[in-house]
Every structure is written in structure tokens, then in C-alpha cells.
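Below, each structure is written out as C-alpha cells.
The following pair of complexes shares a single chain, subunit A, combined with subunit B in the former and subunit C in the latter.
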Partner chain A sequence: MIPELGHFAVILALGVALLQAGLPLLGWRRRDARLLAFAGSAAQAQFLCVAAAYACLTYAFVTKDFSVAYVADNDHSQLPLIYRITAVWGAHEGSLLLWVLILSGWTLAVSIFNRRLPLDLSALVLSVLGMISSGFYLFILLTSNPFIRQVPAPAEGRDLNPILQDPGLAIHPPMLYMGYVGFSVAFSFAIAALITGRLDAAWARWTRPWTTAAWMFLTLGITLGSWWAYKELGWGGWWFWDPVENASFMPWLAGTALIHSLAVTEKRGLLKSWTVLLAILAFSLSLLGTFLVRSGVLVSVHAFASDPSRGRFILGFMAVVVGGALTLYAWRAPRLSGGGELQLFSREGLLLFNNVFLVAACAAVLLGTLYPLALDALGLGKISVGPPYFNAVFLPMIAPLFLLVGLAAVVPWKRGHWRETVRRLKRPALAALVLAVVLPFALHGRTTLLAASGALFGGWAIVAAAQDVLRRIRAKPHWRGGVAAVPRAVWGMTLAHIGLGLWALGVSGVISFGDEKDVRLARGAETELGGYSFRFEQAGETAGPNYTAQQGTVTVERDNKLVATLYPQKRLYPSQGTVLTQSSIDAGLLRDLYVSLGQGYDDGSWSLRVYYKPVIRLIWLGGVFMFFGGLLAASDRRYRLARAAERRAVEAVEAAAA
Partner chain B sequence: MSKRHKRMAAVAALLVGIGLAAVLGFTAFRKNMMYFYTPSDLLSGQLAAGAALQLGGLVEKGSLKHGDGLNIDFVMSDCRHAVPVHYEGILPDLFREGQGVVATGHMSAGPVFVASTILAKHDENYMPPNVAKAVGTVDGKHSCAPFKSVTASK
Partner chain C sequence: MRYAIPLVVLLALLGLFIFGLQRDPRLVPSPLIGKAAPVFDLPTLDGQPPHMTQADLRGAPVLVNFFASWCAGCQEEHPYLMQLAQDHQVKLLGIDYKDAESDLRGWLGQHGNPYGQILSDLEGRAGIDWGVYGVPETFVLDASGTVIYKQVGPITPQVWEHDIRPLLKGAS
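Right after this comes the complex of A and B.
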């Protein structure tokens, strides 16, 4: 009964979404305020429907209703409760339901926070969001319905894929989707601007917090995914340039460019049509990511079950959305031009360079991801492009971004002055140089070109960003007043740029000084790595709630002092007969010690994979900094105050018109 | 310099930059792309020795041998032809005889394929699509009895 209710709720949501898409457009044509106002109510009704559907599916999982095919495929009677709840998005159908839940959540948020917007703009934004939702509801109902029953019901479920039974993965997809789907709001704002032909500073100010919010969730989602892959896949890597990772990284690059170009559009009224194009691009890449992951065209660790009809549907949907948006853009964008002259050596000029590099990096990733697929589709052979390609192309393209971070902090809007710039950047440059020379030696006793450049670029970004905010604080007589006087948006930008610097330090450090080896050790035997000695003490049996495991005990010593005892496991999940390597990590800010079990041999020895990963935590710490930076920037008071002021102006105009 | 000249210079600089990036990108691309082979492709022999490539196939039943230390030898097959593979390291969890794997490495004298990495998928029914296609085309003519029927489970 409950699953049928869920199914019905999705159908109802589709109906509401179609109304939400159509009626406001009609209202806009006819200048009918009642039809425009309907969009908000529809958004709320739609959210209630999807939330109900989602609750029904969760209920089916928690109560182990194996008569529902999707539940039977991804649930198990012995699965712990927390993973029964997260298993809802453990595979294709449910994660799509989560996707539409989040989409309607964003829509709901827009309908609530946009009460202060001009009614027609707000209604058009909701209308575009309604169109996107309708597409996804159709997708669910036609190809990926999670509520379908199977007769007869199996006595036991096939269980959630064991690698997904991990807290990191439990929150990774929702965060990622918050980001992916969040770009639909920026997209809808862009389309609404194209339809109304109005794109001014106020538009940019309305769009900015939404874009920043989406971006920060995407940042966190990618960071969590990287951290999860590191500890759970047992390969000790934090980024594989896997097509599915790229699928989430491309919208991130486009979204980062969008955040920066929106700043130019708001402050200077420039780059308007470029900003709109980026908003379309960011969401199109999100859709492309969905297509790549869902259609099964990829050879990837994210082996989602593939079904050609799904791929075709998404491809068609993508063609409609992207094609429609670009057509509208070609038709209406010329109207948006305007604004003043752009000086290359000014903050807006530097932000333009930032956009060029980010979009070029995005294009390079796109090429490496899609080209092999295109060749295969055309029957021209099967190739793959490995991490060396991405590293060789991507790193040179993002290195200039670090220079820009420091420059943009001191170069003012409109026009910069070389002499003033050099004077104010002397100290960060000096600090970065010292760091580049000293830091690798201080931490590792030796240096490499990569480590030195990482410290140089990372140190430069951190010091320059920090100097900017310090200067603002010092401008006030008392530091407390100074801290309060710095707007949240600036704090956010500073945190995010420091995060970027930390990321660079982490990446260059772990690549330069990280070490790994595969060894076969008898009981009591030792191996040396990164100045630590790892001793394999013993292996024994242990068990968890739904698995049995062989567990090794490895003690790690440095200078004959015990540093850590690690317990890597080899788990067997009997429900699917899956063997899973559970690595054991002694984590620290400056280094991780990482051991995973290979296999046991007849003579009692085991093969082990041992890693020494210096400063790898800085990579994720950088992501966390960026997340909080985005949070601060999106919650800047200015957006709320400006909205209130604009709303009063709008009301005055509307009152006068009435 | 007039405004017009300045703008033209800026556009020219931008074009040069984009061109450079494109050249860089395509060079790196050509250098780092790896072709995917099946054992049959490999043995039909139009291949420079030592070139990096990916080899996909099924692990032949009963062929897996553990040597000293971490040395591992097995035979990879696509039902028509088989290639011996050597690997030193730890095999992925889902490496099983009779299942599909993808190895990255190069051919050496012997002829033995020396693998530097081996991928097996986190799904026991998984079959690299490339292998599935290769095996699928020969399923009709050849018996793949030693292998689990992976193509049919799709």
C-alpha cells in the first residue's frame, strides 16, 4: 500500500510540476498576477508530493518490504538501520528520487526567499525549475520507477553494495546532488533573464547567493567523495581522473568561473551575456554528468547498472534543455550587452583571466572524458586517457589561477596601478618564496621542483588572501571592530582562497613525498616506509553485524617508539558473497599511515599494501575551507538588505501602477 | 597605442594563449592515450613492443599461480586467444578466475604481458563493456564454457 502511495505521489508531483512550468509562462504573456503568483504555491505543493514519495520509499527500506523490486535489490534484513536509510540512494532509481527531492527542495527555497523579487522574475525562475523537474519525473516514471513490485517477493534482499556501507558515502551523494541540482537555480535565473531581457546588477545580486550555495555543496560533495575513495577503495589515491569524478568536477570548474563572473556583473555591469552562458554551461555539465553516470557508457569504478533506454532519455532531455537554452541565448543575448569599457589590468580584467583559465581547464577535462567515448561511439577504436594526460594539461592551466588569487586581492575595480600593486604584493611574494625554499626541507628534509612550486603557489595564495583581510581589519582602530567591519562575503572569499592554497600544499606534498609499497610479510616481519617501520604482528578472525572479517594487526614504530597500531581487514559480506578490503589509517595533519590487506598465503604470510601519505589531509581541509567560505559568502547580510530595499522599490512601483 | 590597437593586441594575446593551450592539450592527449586490446587483437600483432596499452579479457580458470613474494602469473583470454600475464603486486578484491579484468601494461619478450595495474570491478557480474563486446561476437562460434556467462546476465 505504502509503495503505491509513493508511486502516486510522484505522478501527482509531475502534474503539479507541469502546472508550475506552464501557468506562470501564460501569466507572464497575459500579465496576469494571479497566474504568476501560482508558481510559489505549486512549488510548495510539489515539494510536499516528492517528500511524501521519498518518505514512502524510506519506509519500504526500513520495514524491509522486499516485494518492492528496488528494495529487494538494495536492502537486507541484517543491514544496520542507518544503512537501510542511506540505501535509499544506494542505486539508480532511489538516487534519482533523491535528486528530484533535492530539486524540489531548492525550488521550495527559491519560492520562499524570492518573495522579495519582482513577481514576474520569481515566477519565471520557478517555471523553468518546474520544466526541469517535469523532465526528471518523467524519467523516473518511464524508465526508473523505484516503486515497482515484484511477484513473488523474495524472502531476502540482495543487500546494499558493501562499499556503500560507509558513513562517508552516506552523505557524499546528497551533498553532490545539492551542488549539481543547485546549479539549476542559477540556470533558471539565466533563462528568466533571457526571457524578460532584464539583466542588471540586481539580477546578479539575486543570483549570486544561490550560485554560491550550490557551489559550496558541490565542493563538499567532491571533497567527501575523494576522502571516501581514499579510505574505502583501498588504493590510497584521492583522485583518479575517473570519468565519473570528472563528471562532477566539470560543473565545479564552470560553477567556480560563474561565481567570479557574477561578481563582475554585479559590481561593474560587465560580462553579462558571458555570465548567462556560464550559468547555462554549469547546469548543462551537471546534466552531462548525470548522463555519463546513468547511461552506463562509462568504464568506471562507479558501475551503475546500465540500461540503454535511460541513456537515450537523458540524452534527449539534455538535448532539449541545452539546445533550448542555447537557442534562447542566441536569440535574446544580444539584448543583454551593454556596460562600460573593460580594462585588462583591473579586478574585472583579472577575473576575466580567471574565467579563461577555468573554462580552458574545464574544456581539457571534457576532452579527456568525452573523446574516448566519441571514438568508441564512432567505431574508431577503444582508447583510454589516463591520469598522466589530465595532470600534464590540468596543472599548467590552474597554476596561473594562483597568481590571480594574490593579484585580485590588491588590484581595485576599474583600473589597477602597477606600482601600487607591486608595493602591496612584495610581502606575500617574499613570504611565498621563503616558504617554497624552507617548507619542503622543514617537513621532509629534502625538496623537489613540484614541492617547491606547490609551496610557492599555495603559500602565495594563503598569505596574499590573509594579508588582504588583515589590512581591512587594521584599517579600524580596534581589532574587534575591524573583524566585525569585514563583510562576510570577504571572509568567505578569503577562506576559500586559503582553502585553495592548502589544497596546493597538500597535493604537491603528497605527490612529492608520498610513498607506497606492496609487500609480503610473514608473522613478525617488518618493512620500512617513509621513516616508519611497519611490523605485521598477526592475523585473526573477527565479525561485524553483517560480515565476517580477517583482521591483521600491524604495529608502526618510529625510532623504536610505538606510533600506531593498525587493524586492516578483509571483509566478507555473505549476502552478496562480496570481499571488501577495509583499510586502516592512522591519520594526522602532517602524515597518514595507511595499511590495507592483500591476501593470505598458505605459509601464514600476508601481502600488504602500505602507504606513507604526508599532508594528504590538507587536500580535504582545503575543500572544507572552501565550503565554509561559500557558506559565509552566501549568507552575507548585504544580499538580504539589498533584497529588502529592492522589494520596497518594487512594491512602490507596483502600488503606483495599480 | 589607440584603444582599438590595444583591444586587438589583447584579442591576439588571447588567441595565442588558447592556441597554445590547445596544442599543449592535444600533445598531452596523443602521448597519454592508450588503446584497448583483447588478446586476439594483441596476437594478431600490429603492435610496437613496449608501448603502453590496456588489455581486457577473462581470467582463465585454473591459470592463476602465485610465485615468490608478490609475483603472480595468470592467463587472460577472450575465448579465441589467450595471453599469459605477469603481475607483481596485490590483486583487487574482485579478481577471480573466470571473471573479466582490465590490465594496463606492455608486451614483453616471451610473449608475456607485463601488467602494472589490474582492475576488476566492484560487482561480481561486472564485465568490462569492451570485453563483453569482444566475447559477445565470438559467443556463437566458440564455446566459452570455462568462463562464467557474463554477457547473458545483462
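Right after this comes the complex of A and C.
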């Protein structure tokens, strides 16, 4: 009964979404305020429907209703409750339902926070969001319905893929989707601007917090994914340039470019059509990511859910949405180009450079991801593009961005002054140079070119970002007043740029000084790595709620003092007959000690994989900094104030007209 | 005009994806094709002779079929292999992949034995050398012991008629 209610709720949500897409458009043509106002109510009704559907599916998972095919495929009676809840998005059908739930959540948020927007713009934005949701509801109902029953019901479920039974992965997809889907709001604002032909500073100010919010969730989602891959896959790597990783990284690059170009459009009224194009691009790349993951066009370690008939639907959907948007763009964008001159040495000029490098990096990733497919299409053979290509092409393209980051806070809008810039950046530059020379030696007693340049770029980004805030705080008589006087948007930018610097320190450090070893150890035997000695004490059996495991005990000593005791496991999940290695990590800000269990031998010895990973935590710490930076920037009070002021102005105009 | 460039790029990408959907990305041509069969030395099931190596495959075209009693795809192709063997179409060599001998004997007893000779690859070492990543996989060797074709997945009448038989005709 409950699953049928869920199914019905999705059909209802489709109906509401179609009305939400159609009626406001009609209202806009007829200038009918009632039809325009309908958009908000529809958005709220749609959210209720899809939330109900989602609750029904969750209920089926929690109560282990194996008569539902999707539940039987991804649930198990022994599965702990928390994973029964997260198993809802453990495979294709449920993750799509999560996707529409989040899309509907964003739509709801737009309908609530946009009450202060001009009615026609708000209604058009909701209408475009309604079109996108309609497509996804159709996708669910036609190809990927999670509520289908199977008769007879199996006695036991096939269990959630064990690789997904991990807290990191439990929250990774929702965060990632919050980001992917969040770009649909910026996309809808862009389409609304193209339809109405109104694209001004106010439009940019309305769009900015939405874009920043989506961006910060995507940042956190990617960071969590990287952290999960590191600890769960047992290879000690944190980024693999896998097509599915690239699929989430491309929208991030485009979105990062977008939040910067929106700043230019808001402050200077420039780059309008470019900003609109980036908004379309960011969401299109999100759709492309969905397509690549769901269609099986590319082979990937993430191929959890792929099916060509679904691929065809998404491809068609993508063609309609992106093709429609770009056609509209080709038709209407020429009218948007505003006047105004752009000086290259000014904040807007530097932001333009930022955009060029980010978009070029994004194009390089896209090229590397699709190149195998393209070669195959031209009959030139099958190849795969791996990390060497991406590292060789991507890193040089983002290196200039670090130089720009340092300049960002110092060079003013409209026109920069070389002398003033040099004067204010002398000290950060000096500090970065000192760091580049000293830091690798201080931490590791030696240096490499990569480590030195990482410390240079990272140190430069951090020090230059921090000095701007310090200067603002020092300008006040008391530091507390100074901290409060710095706007949240500035705090946000500073934190995000510091995060970028931390990331660079982490990446260069772990590549330069990381070490690994494959060893076969008998009981009591030791091996040395990175100045630590790892002793294999013993191996025994242990068990969890739905698995049994072989567990090794490894003690780590440094200078004859115990540093950590690690318990790497090899888990057998009998429900799927899957063996998973569960690595054990002693984490620290300056280094991780990482052991994963290989194979056991008859004589009681085991093969072990031992890693020494210096400063790898900084990579994810950087992502967390960027997330909080985005959070602060999106919640800047001038957006709220500006909204109130604009509303008053709109009301005044409406009152005068009446 | 330049505002239409994104649209053109999109159309090109869509064309690429339509192509991409029509093919199976898991089909990777074997690097062995055109080369001599990999070196192996495996025990036979019946012990007559006790061992076989790649040198024993020369002289006539042969289908080297990696299979196992635990594999569903192998059961699917098995009746057709039986038919090929009965018609004496081609010599069949089975390599039993990561399988226990007792299971295999039970399986052959139930379904019949189409193979001229069965070799046992208990640990999957030969499978690695041949680049097997899932059973069943079948390699077609010509009379000089050179690999001329690789079939991933079950051998069906269509595969035999369209792909393998014409090659064998050309080879002999």
C-alpha cells in the first residue's frame, strides 16, 4: 500500500510540475498576476508530493519490504538502520528520487526567498525549474521507477553494495546532488533573464547567493568523495581522474568561474552574456555528469548503475534542455551586451583572466574525459586517458590562478595601480618565498621542485588572502570591532582562497614526500617507512553486524615510542559474497599512517600495504575551508538588505501604476 | 553569429554521445590478436598426457575456451559447443578457470563434454597471461598457433557463423 502511495505521489508531482512550468509562462504573456503567483504555490505543493514519495520509499527500506524490487535489490535484514536509510540512494532509481527531492527543495527555497523579487522574474525562474523537474519525473516514471513490486517477494534482500556501507559515502551523494541540482537555480535565473531581456546588477545580486550556495555544496560533495575514496578503496589515492570524478569536477570549475563572473556583472555591469553562458554551462555540465554516470558510455570504477535505455532518455532530455537554452542564448544574448569599458589591470580584468583559466581547465578535463569516446567514434582505436594527461595539462592551467588569487583582494575595481599593488603585496610575496624555501625542509628535511612551488603558491594564496582581512581589522581601534566590521562576503572570499592555498600545500606535500611499501610480514616482524616502524603483531577473526572480518594488528613506533595501533581488516559480506579491504588510518594534520591488509599465507604471515602520507589532510581541509567560505559569502547581509530595499522599490512602482 | 557557437559545440557533442550509446565500452580488442598464443604449461584433467603447453596447439585451428562450472554464461553456450563438437566442426580445448576438479567432473557429467582436452587453471595464472577478465572467453587459434579472434561472452550460433567460421575458412 505504502509503495503505491509513493508511486502515486510521483505522478501527482509530475502533474503539479507541468502546471508550474506552463501556467506562469502563460501568465507572463498575458500579464496575468494570478497565473504568475501560481508558480510559488505549485512549487510548494510539488515539494510536498515528492517528499511524501521519498518518505514512502524510506519507509519501505526501513521496514524491509522486499516485495518492492528496488528494496529487495538494495536492502538486507541484517543491514544496520542507518544504512537502511541511506540505502534509499544506494542505486539508480532511489538516487534519482533523491535528485528530484533536492531539486524540489531548491525550488521551494526559491519560492520562499524570492517573495521579494519582481513577480514576473520569480515566476519565470520557477517555471524553468518546473520544466526541469517534469523531465526528471518522466525519467523516473518511464525508465526508473523505484516503487515497482515483484511477485513473489524474495525472503531476503540482495543487500546494499558493501562499498557504500560507509559514513563518508552515505553523505557524499546528497551533498554532490545539492551542488549539481543547485546550479539549476542559476540556470533558471539565466533563462529568465534571456526571456525578459532584463539583465542588470540587481539580477546578478539575486543570482549570486544561489550560485554560491550550490557551489559550496558541490565543493563539500567532491571533498567527501575524495576522502571516501582515500579511506575506502584501499589504494591510498585521493583523486583518480576517473570519468565520474571528472563529471563532478567540471561543473565545479564552471561554477567557480560563474561565481567570479557574477561578481563582475553585479559590480560593473560587464560580461553579461558571458555570465549567462556560464550559468547555462554549469548546469549543462551537471546534466552531462548525470548522463555519463547513468548511461555507461564511459567505463569507470563508479559504474554502479548504468543502462543504455536510461542513457537515451537523459541524452534526449539534455538535448532539449541545453539545446533549448543555447538556442535562446543565440537568439537573445546579442541584446544583452551592455556598455562599459574593461581595463585589463583592474579587479574585473583579473577576474576575466580567472575565468579564462578556469574555463580552459574545464575544457581540458572535458577533452580528456571524452577523448577516448571521440577517437573510438572516428575509428581510430580504443585508448584510455589517465592521470599523466590530466596532471600535465591541468596543473599548468591552474597555476596562474594562484597568482591571481593573491592580487584579488588588492587590485580595486575599474583601474588598478601597479605601484600601490606592488607596495601592498611585497610582504606576502616575501613571506611566500621564505615559506617555499623553509617549509619543505622544516617538515621533511629535504625539498623538491614540486614541494617548493606548492609551498610558494599555497603560501602566497594564504598570506595574501589573510593580509587583506588583517588590514581591515587593523583599521579599527579594537580587533573585536574590526572582525565584526569585515563583511561576511569578504570573510567568505578570504576563507575560500585560504582553502585553495591549503589544498596546494597538501597536494604538493603528499606527492613530493609520500611513500608506500608492499611487504609480507610474519608475526612480530617489522618494516620501516617515513621514519616510522610498523610491526605486524597478529591477525585474528572479528565480526560486524552483517559481515565477518579478518583483522590484523599493527603497532607503529617512532624512536621506540608507540605512536598508534592500527587494525586493518578484510571484510567478507556473505549476502553479496564480496570481500572488501578496510584500511586503518592514524590521521594527523601533518601526516597519515595508513595500513591495508592484503593476503594471508599458510605460515601465518600477511602481505600488507603501508603508506606514509604527509599533509594529505590539508587537501580536504582546503575543501572544508572553501565550503565555509561559500557559506559566509552566501549569507552576507547585504543580500538580505538589498532584497528588502528592492521589494520596497517594486512595491512603490506597483502602487504608482495602480 | 558568435553567440551560436555554444549551440554548434553542443550539437557535435550530442552526435558523439549518440554514437557512444550504441556501443559497448566493455568490448576491448585483445592485444593478443595476430600474435602467438601465450606461453602456458597446465595439467590435463584426464592425465593423458599429464601436461600440455602452447606448442601442443599447433597443427590445426583450435578454439581455446576458458570456462568454469560456476559460470552461468558457460552453461548458456554449452549446448552449442556440444553441437559443434558432434559435427566435428573444429577442435575444442577447454581451460577450466579457477574451478575445483570435483565440481567440474559433476558439471561435465550433467551437461556432457564437448572438449577434446581439458586443462586445469586452478589459480587463474594462465587466465592472467591470456588477458581473461571473465568467463566464458574464447580464443580462436590458427594452425600456426597464432590468435586470430577473441570472443568475450558465450559463443552463439550467430557468432560462430558470422565471425569465427569465415576466419577458420581463411586460415585453413
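Keep this in mind: the second predicted complex is superposed on the first by the 654 of 658 C-alpha atoms of A that agree within 3 Å, B and C clash if a C-alpha of one lies under 4 Å from a C-alpha of the other, contacts with A are read in each partner's own complex, and residues count from 1 in each chain.
Going forward, contacts are C-beta pairs under 8 Å (C-beta built on N, C-alpha and C of every residue); 3 or more make two chains touch, one makes a residue touch a chain.
These numbers come from a predicted model, not from an experiment.
Undergrad: Touch check for A:Arg312: first (subunit B), second (subunit C), both, or neither?
TA: After superposing on A, A:Arg312 lies in contact with subunit C but is clear of subunit B.
Undergrad: Just subunit B (first), just subunit C (second), both, or neither: which does A:Ser273 touch?
TA: A:Ser273 contacts subunit C only, not subunit B.
Undergrad: Touching A:Val422, do we find subunit B (first), subunit C (second), both, or neither?
TA: Neither partner.
Undergrad: Applying the document's definition of touch, where does A:Val393 land relative to subunit B and subunit C: first, second, both, or neither?
TA: first
Undergrad: Contact-wise, after the overlay, does A:Phe291 reach subunit B, subunit C, both or neither (first, second, both, neither)?
TA: Second partner only.
Undergrad: Taking the superposition as given, does A:Ile148 touch the first partner, subunit B, the second, subunit C, both, or neither?
TA: neither
Undergrad: Now for A:Pro334: first (subunit B), second (subunit C), both, or neither, which partner does it touch?
TA: second
Undergrad: Which of the two partners, first being subunit B and second being subunit C, lies in contact with A:Leu370: first, second, both, or neither?
TA: second
Undergrad: Quick one: subunit B or subunit C, who's touching more of subunit A?
TA: B
Undergrad: Going by the contact definition given at the top, which residues of subunit A touch subunit B in one complex and subunit C in the other?
TA: On subunit A, the residues that contact subunit B in one structure and subunit C in the other are 296, 299, 382.
Undergrad: Could you pull out which subunit A residues touch subunit B in their complex?
TA: These residues of subunit A touch subunit B: 161, 163, 234, 296, 299, 301, 303, 344, 356, 360, 363-364, 367-368, 371-372, 381-386, 388-389, 392-393, 396-397, 518-520, 570, 576-581, 598-599, 601, 607-609.
Undergrad: Going by the contact rule at the top, pick out the subunit B residues touching subunit A in the complex.
TA: Contact set of subunit B toward subunit A: 10, 14, 17-18, 21, 24-25, 28-29, 31-36, 54, 66, 69-70, 88-91, 93-94, 102, 104, 121-124, 126, 128-130.
Undergrad: Going by the contact rule at the top, pick out the subunit C residues touching subunit A in the complex.
TA: Those residues of subunit C that touch subunit A are 3-4, 6-7, 10-11, 13-14, 16-21, 23, 25-26, 28-29.
Undergrad: Of all residues in subunit A, which touch subunit C in the complex?
TA: 273, 277, 280-281, 284, 291, 295-299, 308, 311-312, 315, 318-319, 322-323, 326-327, 329-330, 333-334, 370, 373-374, 376-377, 382
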